[in-house]
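Read through the structures below before going on.
Shared chain: chain A. Partners: chain B in the first complex, chain C in the second.
On to the complex of A and B.
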């Protein structure tokens, strides 16, 4: 059978699903695209058994096909072509021949039976939400997702839909981001944990428009017009994040985020790889940010103006954490609410965006000396 | 090149620190290492005033109490001892090109070839001694010799605040009149045995033929004879940063009982964690080693946040074990290790409220083990 397709359109479709292709699995078939044509619709699928991406487009054809081809080679060939019309020929379970005016490329096909079948999906609940909002929420929270397999429930982003709004929570036990939007409400009340890989991959692929989200016990699917993204869910109990957010605090420090972040960023090269800490020596009107690598003799100290409600407090944070937290905030003025040098510190924008609530919790480092 | 090895020993270190913390103890018989309530255990250190009553370290407290009932018995502020030890080390590291800390109150330094910079060894020793005294109010004795073994004997020769320098070539003569127990490594048992054979002075050993000792004691005997003759290590093996710590256990009979294996992993995790805490470092990699009875061996690592907690290591290693112990074959060996050691402070965890409490328990356990031995107290799996 034969079909014709524009090279750039095909490239876009292939690129969209390519992130799910894996070369790390022991199942070598996962290095492939599954290409299907039925009723004039071409569908490309890729999966690493954890996430699953599927993209469809109309093509000019009279036949049907199911082909399994090496993803990287096919994408590389198509990517290298100019914006032209391709005629692709399929020889059953044998090869794809890509013809265009100047030449042809032959890509071998593997048996379509070898491609792992995807799990049966039982997703009864459905909601709709704008892709642009989801993308933003993922970007704001994903950095705090745990990378430690020792606590599997935290290796994903908790998404809670309810009558009160939608909430995203990520934590690794050392920092936590809780982002709530009260303007988007749902009749269902559910909490699902989306694995980190799905958050990062889908976050890049989400389009602006409305996304249809359906979910069941073990999978969740994000569907837009051109792309279907499915992931397995982490079926674990997410830790009780509300219980660790301090209700009361003793002091607060108001600081210009940009100035504070600049100082922290400049301090980063001076943070010892070993100790990896930034010290905040907070006084009434200014905070002294400092870092040192005593072994190598590097030392950095900087003063940043702030408004502190107490007299003085010294607290230390892991440099990388503090830097990441500050770079994920885009507000002018932020508030650090503190209890003591060994207790959780909450960081919030001084003025929240309308109907939104962003809260970051950062645990300090207890220093040896 | 002339070898110049210093051995610095802090005099009655624990007592000296206690006196800094509480100056009213000055001039009084102070005994550290006893539980003031139960009067059990042995002396860790005692002041020179207490030694006049016949007290010495390692003496059972009950006996000490009979000899010196008016003494001041202290439990010991071990955290402070470690802190002062670090401060002394900082001072010494300003001068010594090669420094090795042998224990909390003992340091070896190699000043070979430093005469042009620091002048005569005696002057340098006086300077170091003064600096430690002026900065920290800690008395120290220093021995100087051409090797570590003689330097250590020297530092013990004049105490407190003594400096003893053995001119190169005079080592044998210096040691000859000293009692054999002055040589480190000759304990009570060896001393009794050697005394019974007529060896009382180090000179007696030095004069006897080396074969006498090699036949009776093998390599140890040879070393003993050499050291009595004033020989010893002329270089200090500088401290190298440890990269990992591990414990292994080979089962007497290949093991199939999973609970027993888990128990073994638990105790090894504790041992590894304790040695980390002793060194004041944390680890970010936990390693399981598993050898089946057919000698197939696998090693698996998991990354964690920097920690030095028994429980965290055990949980990590248990997870590895449960994931990787897949064959129905008995197990010959199990090992628990940690790697990627760091000096980072402890990163607090919001979901582990128990951690802070456990850290305090662990430091108390370590303190007890330091004083009474590793088997004095065991941690239950429930902690």
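On to the complex of A and C.
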């Protein structure tokens, strides 16, 4: 059977699903694309058995096919072609022949039976959210997802749908991000943990328009017009994050985010590898940001203006964490709410965006002189 | 329908596992112990496939039996990944790791085609911490479409200390539907805390008939060669395959020469035959395969010779050597061969259990054999043993 398709359109579809292709699985078939044509619709699927990506397009054909093709080779060939019309010929379980005016490429196919079946589990709940909002929420929270397998429940992003809005929470035990949007409410009350790989991959692939989200016990699917993204969910209980957020605080420090972040960034090369500490010596009107590597003799201090409600306080944070937190905020002015040098500090924008609530919690470390 | 179709031997284990499937009371962690190459990994895989097929709610087709199935996490000893090691050649680390992974994929493919294939990877000595971390990730995800999921750790005794420590937490309370099966031929090397968390299932050696059939069906070994190998394989496919790599006839001839010289008290000649084995073993003490085989061949010859007296060719293992039995029995028909074979059997047992000096071992065997025809020596020997 034969079908014709534009090379650039095909490339776009293949590129969209390629992130799910894996060469690291013991299932060698997962290095392939599953290509299906039915009723003139070509569907490309890729999966690593944790996330599943599927994209469809119309093609000019009268036949049907199910083929399993080496993903990298097919994408490389199509990517290298100009914007032209391709005629692709399929020889059953044997090969795809890509013909165009200047030449032809033959890509071997494997038996479609060997391709593992993609998850087909009922996802009974359905909601709709704008892709741009989801992308933003993922970007703002994903950095705090734990990389340590010792706490599997934290290796993903908690998404809570409720009457009060939608909430995204990520934590690795040292820091936590909670992002709530109260304008998007749902009749259901559910919490699902999306694995880090899905958060990072889907975050890059989400389009701006409306995304249909459906979920069940074990999977969640994000569906846009051109792409279907499905992921297994983490089957663990997310820690009770509300219990670690201080309800009250003793002091607050208002600071210009950009100035503060610039000082912290400049301090990073001076942070010792062993202690990895940035110290904040907070006074009434300014905060002294400092870092030192006493072994190697590096030392840096810088003064940043702030408004502090107390007299003075010395607190230290892990340099990398503080830097990451500040780089994921895009607000002009931020508030650090403090209790004592050894208690959790919360960081919030001074002015929250309408109907949104962003809170970052950061654990301090013991100050080392 | 035979639910264990294609699985050789292990009737007792199969019946216990079938019992689990009937009652639905399945231990969340099991330890399959027994000689390497008796089908422990394969039975573990068939068991989980059986469980999923029985409780399948999504479709009526049983799930494919594959060590790479989505509901199986198969862990084997793996080489050190190059991030961990100091780079000592020009190849970039990612290329080296890719090569290691490709080799693993090829081995899995071969294992899927031949469930009695033993996965062997270059420089793979240990099961490492990063592999146990992968298990944690596997356990954390939802696999609703597969009611039972299997974590299969092959040769679990190869887990290094950090890996064993990390596994403990997972073993204690795996999520519902996850079953841990650890297989080991040396379970004493596992931490007591791991062993005590597992339900033990001992595997028996395979019968000679099973070994012969497996060798012919899966390893393309002729019936004649299989017949020669199987009596010395000790019920293990792995040993049988090692045997298929050497010229066993040569080994038989050498062992008969050793017996002949020892009995004739030509100890220098006998020692010359044993010397290559002793020096090979001293170079690699982990590989006692040839040494064990040689001693086993001596025992087999003595027993065959005794059997020849009463039953002729009927029950011989070394069928092609009946001439040597006939000659020996014509001259020394009343020699006590059974007692000698028992003494050597005891030495063989001690050899596997203890760190014996191999030169002394061979001297003792020579003395035992010399004592068969020389009662005086036998008397002294009895006293010594």
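Just so it is clear, the second predicted complex is superposed on the first by the 366 of 369 C-alpha atoms of A that agree within 3 Å, B and C clash if a C-alpha of one lies under 4 Å from a C-alpha of the other, contacts with A are read in each partner's own complex, and residues count from 1 in each chain.
Convention: contacts are C-beta pairs under 8 Å (C-beta built on N, C-alpha and C of every residue); 3 or more make two chains touch, one makes a residue touch a chain.
All values derive from a computational prediction rather than experimental measurement.
**Student:** Sticking to the clash and touch definitions up top, decide whether chain B and chain C on chain A clash or fit.
**Tutor:** These partners clash in the superposed model.
**Student:** Based on the superposed arrangement, let me know which partner A:49 touches: chain B (first), chain C (second), both, or neither?
**Tutor:** second
**Student:** For A:233, select first, second, both or neither according to whether it touches chain B, chain C, the two together, or no partner.
**Tutor:** Once the two structures are laid over each other on A, A:233 reaches chain C alone.
**Student:** Contact-wise, after the overlay, does A:23 reach chain B, chain C, both or neither (first, second, both, neither)?
**Tutor:** second
**Student:** What is the contact status of A:219 with respect to chain B (first) and chain C (second): first, second, both, or neither?
**Tutor:** In the superposed model, A:219 contacts chain C only, not chain B.
**Student:** When the two structures are overlaid on chain A, which partner does A:153 contact: first (chain B), second (chain C), both, or neither?
**Tutor:** Once the two structures are laid over each other on A, A:153 reaches chain C alone.
**Student:** Is A:116 in contact with chain B, with chain C, with both, or with neither (first, second, both, neither)?
**Tutor:** In the superposed model, A:116 contacts chain C only, not chain B.
**Student:** Which partner chains sit in contact with A:252 here, chain B, chain C, both or neither? Use first/second/both/neither.
**Tutor:** neither
**Student:** Touching A:174 in the superposition: chain B (first), chain C (second), both, neither?
**Tutor:** After superposing on A, A:174 lies in contact with chain B but is clear of chain C.
**Student:** Of the partners chain B and chain C, which touch A:195 in the superposed model: first, second, both, neither?
**Tutor:** After superposition on chain A, A:195 lies in contact with chain C alone.
**Student:** Which positions of chain A sit in both the chain B and the chain C interface?
**Tutor:** 149-150
**Student:** In their complex, what parts of chain A are in touch with chain C?
**Tutor:** Against chain C, the touching part of chain A is residues 23-28, 49-50, 116, 119-121, 149-150, 152-153, 155, 195, 216-219, 232-236.
**Student:** Mind listing the chain B positions that touch chain A in their complex?
**Tutor:** Contacts found on chain B: 280, 302-305, 315-316, 319, 342-352, 356.
**Student:** List the residues on chain A that touch chain B in their complex, please.
**Tutor:** Where chain A meets chain B, its residues are 147-150, 171, 173-174, 176, 239, 244, 274-277, 316, 318, 342-344, 361, 363-368.
**Student:** Tell me, which parts of chain C touch chain A in their complex?
**Tutor:** Touching chain A: residues 58, 66-70, 74, 98, 101, 104-105, 108-109, 133-134, 136-137, 139-145, 169, 175 of chain C.
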